[in-house]
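Below, chain A partners chain B and then partners chain C, in two separate complexes.
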Partner chain A sequence: MNIFLHELKSYLKSVGIWSLANFLIILVYFSAFNTIALEAVQLEEMLSSFPQELLIAFGMNDMNFSSVLGFFGVVFLFCQICLAIQASNYGFSLVSIEERELTADFLLPKPISRGKILTAKLLAAFLALTITNLAVWASSFLVINLNRDGRTYDVQTLVLILSTIVIFQLFFLSAGVVISLLMRRVRSVIPLSMALAFGMYILNVFGTMVGEDKLEIISPFRHFDPNTILANGAYDLPLVMISVAVIVVAIPASYILYGKRNITAAV
Partner chain B sequence: MRIYLRELKANLKSLLIYTGVVAFFVVVGFSKFSAYAENPEILEVLDSMPAALLESFNMNAFNLTTVEGFFGVMFAFVALILGIAAVMWGSDIISKEERDKTVEFALTLPVKRSTLITGKTAAAFTHCVLLALATWGLNAANAAAYDPEPGFYRFLFQGMAALLVLQVIFLAVGILIGSAMKQHKRAGSVAISVLLGTYFFSVIAGLREEWEFLTYFTPFAYFDPALILHESRVESVYLWISAGVVLVSLAGAYLAYARRDLYI
Partner chain C sequence: MSIIEVDHLTKYYGKARGIIDVSFEVEEGEIFGFIGPNGAGKSTTIRLFLSLIYPTSGNAKIFGKDCIKYGPEIRQEIGYLPSEVFYYEGMKVLDLLKYSASFYKKDCTKRLFELADLMELDLKRRIDDLSYGNKKKVGIVQGLLHSPKLIILDEPTAGLDPLMQQNFFNLIKEENQAGATVFFSSHILGEVQRLCNRVAIIKEGQVIKLQDIKTLQKDNYKKIRILADDLDQKTFDLPGVTNLSREDGALSFFYKGDINQITQAISKLQLQDVVIEEPTLEEIFIHYYE
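What follows is the complex of A and B.
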């Protein structure tokens, strides 16, 4: 419990900053929705008269800015990038920070098993991520309802989109923990979390833009692509299961790896 | 000179990793492109369209059936990867000394602090050039299989030159962040925020006319691949801004680091 509370306290400021960042992203970008929606209707009318092949050839086949959720999908993607970076940051630093800052010497001699330490730390990180998650939920509903200007949207679909955040965050958290435990030494966290989060992002954007599915099926950005959810009104379950599988494998693997880990000490 | 060589070696692994990442994306990208190249269905539709219509499309979008058009689409992603590399190298090369507690050693050497920065900047710049060259080579090698027109290599060269300028901007900003942040631990996070912020700006700036002024604040929007492809030029105002940002950042870095209160 002490570890849990201590960890949670150390996350407070970071959670505040990330929640604020997400709120600002949603607020700033979505508040432009009304003007864009008007222009988008005309643009989409024009585009719809062109043959599909032409639009594909020029990479303009999925533009849907005139509906509330179509536009929200674009904004949500930005939130996903932030959430991914935050979760991988927490994941990569979760246990590696103790070795880097030489506090493992203090923590590990305590009369508590490594398994319990990891549980407390994971729960604290998860709770911190959940607070950010709730902030995204609240900001989304607030901003959409302030700016939709009478246009209707399907609340159920919005709930579907926002519900993906939990698994999305857990993917990056658990992947971060397990990768950091596979490494002999983590010198600095940010390059790693950037690589994980942005790597997955670029993989997906690039994949959806041209060609058929290849490697991007490993990317959570693909599993929880808001546009797909919008189009189908449901999750793409096989893809979601990939994310779930990664989490289910990564967390027990972290316990095993951490239990056996050779910890670098100060002296 | 020793600092320069030392940093070149120390950062080599990171350079290799980023080169690997670029290679991976280029290879995956071109394997996707193979489905579009000279695709008869799409070409047939393109042939049947009035020329004037295609003309208007071509000015702001890319024809994915040609290698040029395809690289035009890839450009934004390559820019993002190279930008991340540059800003991370820039901030890390300065702040790592304090993080790894080697700053005591580095600064008791008989060199001025400014010499230290110069050596580090030169090393990071060299790596940016090497990464850009590798990207260029990888793209040219992969494109060769599709028999591109001579115009493609010109476009590729100019595109890569533009990306090198983008890298230098982010490198300079990264070095400024590494030198000027009071807490060395924050340098990385601030560098990311700058990168993310400017990237979001560039995505959103195109959505709405009133937001076009945002393009001045994001290097990702300085070099429009469409303009490079069709008119082989970039807006000169952006080049002036780039030069200004780089000079101010580097000058700021030297000033800030000379007075820096080091964490020991």
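What follows is the complex of A and C.
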């Protein structure tokens, strides 16, 4: 419990910043909705003259600018990128920070097993991510209702889209942890989390451009593509299961790797 | 009872040597010195005790229990001061010490303040802002605040001023008199000599000598310095004489063997001055490393 609280405290500032960032993204982009929705026909005509690849890159292919959720889908994609970077950051630094800042020499000689340390850290990171998750929920409902200007939307579909966040976050968190434990030393977290988050994003974009399911099926951006959920009104369950499978493998693997890890002295 | 039992402990980092086939025991109540130069394997041995790293082969027992299998349990009674100081960003000294105390079953609050007072530590400051020496003091307090039965020190005095070192040594002696066993790793021989009962010398990953500190100094070598008329180096070309050197007209050397033989040789000379003394551990140590 002491480690959990200590960890949670260390996340507070970061959680605040990420929650605010998500709120601002939703607010700024979605505030433009009314203006754009009025000119949706002209805009869609204009966009149709753009190369299809460009539209895919920004998640603007098969987009419906006059519908509330159609527009929200694009905004949500930006939130997903933020959430992916945040969760990857937490994942990559979860245990590596102790080795980098030599606090492992403080923590590990304490009378506590590594398994318990990892559990406390994972739970604290997950709670921190969940606070951001809730901030996205609240911001989405708030901003949509302030700006929809009488247009209706299907609440259930919005709930469906927002419900993906938890697995989406866990994917990047657990992948970050297990990759950091496979590495001998994590010198810097930001490049790694950027690479993981944008790497997955780009994989999905290329996949959609080429139009085949290959490597991109490992990308959570693919599993939880808001446009697909909008179009079908449901998840693509087999794809969601890939995300779940990654989490289910990565977390136990992290326990095994951390349990065996040699914490060498500072170099 | 042996507090630490090390049995053929070996650690390789990939192909790089950590320690090779190290065996020794540390008895209850003693202050055990562990000396060797940087990179000899001192920290590796300590990290194995604390299961920060895992052995390639062999094992170590602390309080009679395997230090990996019963790690969390035995660490209730271990206090560790790492050679490198650590901190959590933005934490105040008191917060860190309380965090440290929260891992132990017993209430450590009283001892925490006593120790902080003794080390003249300002509890309200942020650890980031502290000097290296002051961070080291935080390390000392967090390592001792739960009154551990075994204190493991990894080059503890680096960064402490002489006065603080004195305080620290007194503290360690007090803890020892109150029943704590101390494992003291260092490359500074003077401090080991001051504090320890027994000493192990480690060189390139192997323990090359394990001895009572008094035996190490007394039974082996005498350090002799002679100033005399017509001094001839050849006079002392005797078995047992080593490191013979001439300096400012005086001869100095180490002697190991029957003391009568050397005094007879000296008595033949017209002496101006003679000094026969115990070599410092430093000098013995250099001898082992040649």
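Here is the rule we go by: the second predicted complex is superposed on the first by the 242 of 267 C-alpha atoms of A that agree within 3 Å, B and C clash if a C-alpha of one lies under 4 Å from a C-alpha of the other, contacts with A are read in each partner's own complex, and residues count from 1 in each chain.
Note that a residue touches a chain if its C-beta (ideal position, glycine included) is under 8 Å from a C-beta of that chain, and two chains touch if they have at least 3 such contacts.
Quick caveat, the model's predicted, so the values are computed rather than measured.
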- Which of the two partners, first being chain B and second being chain C, lies in contact with A:Thr264: first, second, both, or neither? second
- Query: Looking at the overlay, does A:Ser49 come into contact with chain B only (first), chain C only (second), both, or neither?
  - Reply: neither
- Query: Of the two partner chains, chain B (first) and chain C (second), which one does A:Phe78 touch, if any: first, second, both, or neither?
  - Reply: first
- Query: Is A:Ser188 in contact with chain B, with chain C, with both, or with neither (first, second, both, neither)?
  - Reply: first
- Which superposed partner A:Val205 touches (first chain B, second chain C, both, neither): first
- Message: Once the two complexes are aligned on chain A, which partner has more residues of chain A within touching range, chain B or chain C?
- Response: B
- Query: Touching A:Thr152, do we find chain B (first), chain C (second), both, or neither?
  - Reply: neither
- Message: Just to be sure I read the superposition right, which of the two partners does A:Lys110 touch: chain B = first, chain C = second, or both, or neither?
- Response: second
- Task: Enumerate the contact residues on chain A facing chain B in the complex.
- Result: 25, 29, 32, 35-36, 39, 51, 53-54, 56-60, 65, 78, 81-82, 85, 187-191, 194-195, 198-199, 202-203, 205-207, 209-212, 214-215
- Report the residues of chain B in contact with chain A in the complex, numbered from low to high. 14, 17, 21, 25, 28-29, 31-33, 35-36, 39, 41-42, 45-46, 49, 57, 61-65, 70, 73-74, 77, 80-81, 84, 88, 92, 96, 99-100, 188-189, 191-192, 196, 200, 203-204, 207-208, 210-211
- Item | Partner chain A, residues of chain C touching it in the complex | 13, 43, 47, 50-54, 71-76, 78, 80, 82-89, 99-100, 102-104, 142
- Message: Using the touch definition from the top, list the residues of chain A that touch chain C in their complex.
- Response: 2, 6, 10, 101-106, 108-113, 116, 260, 262-266
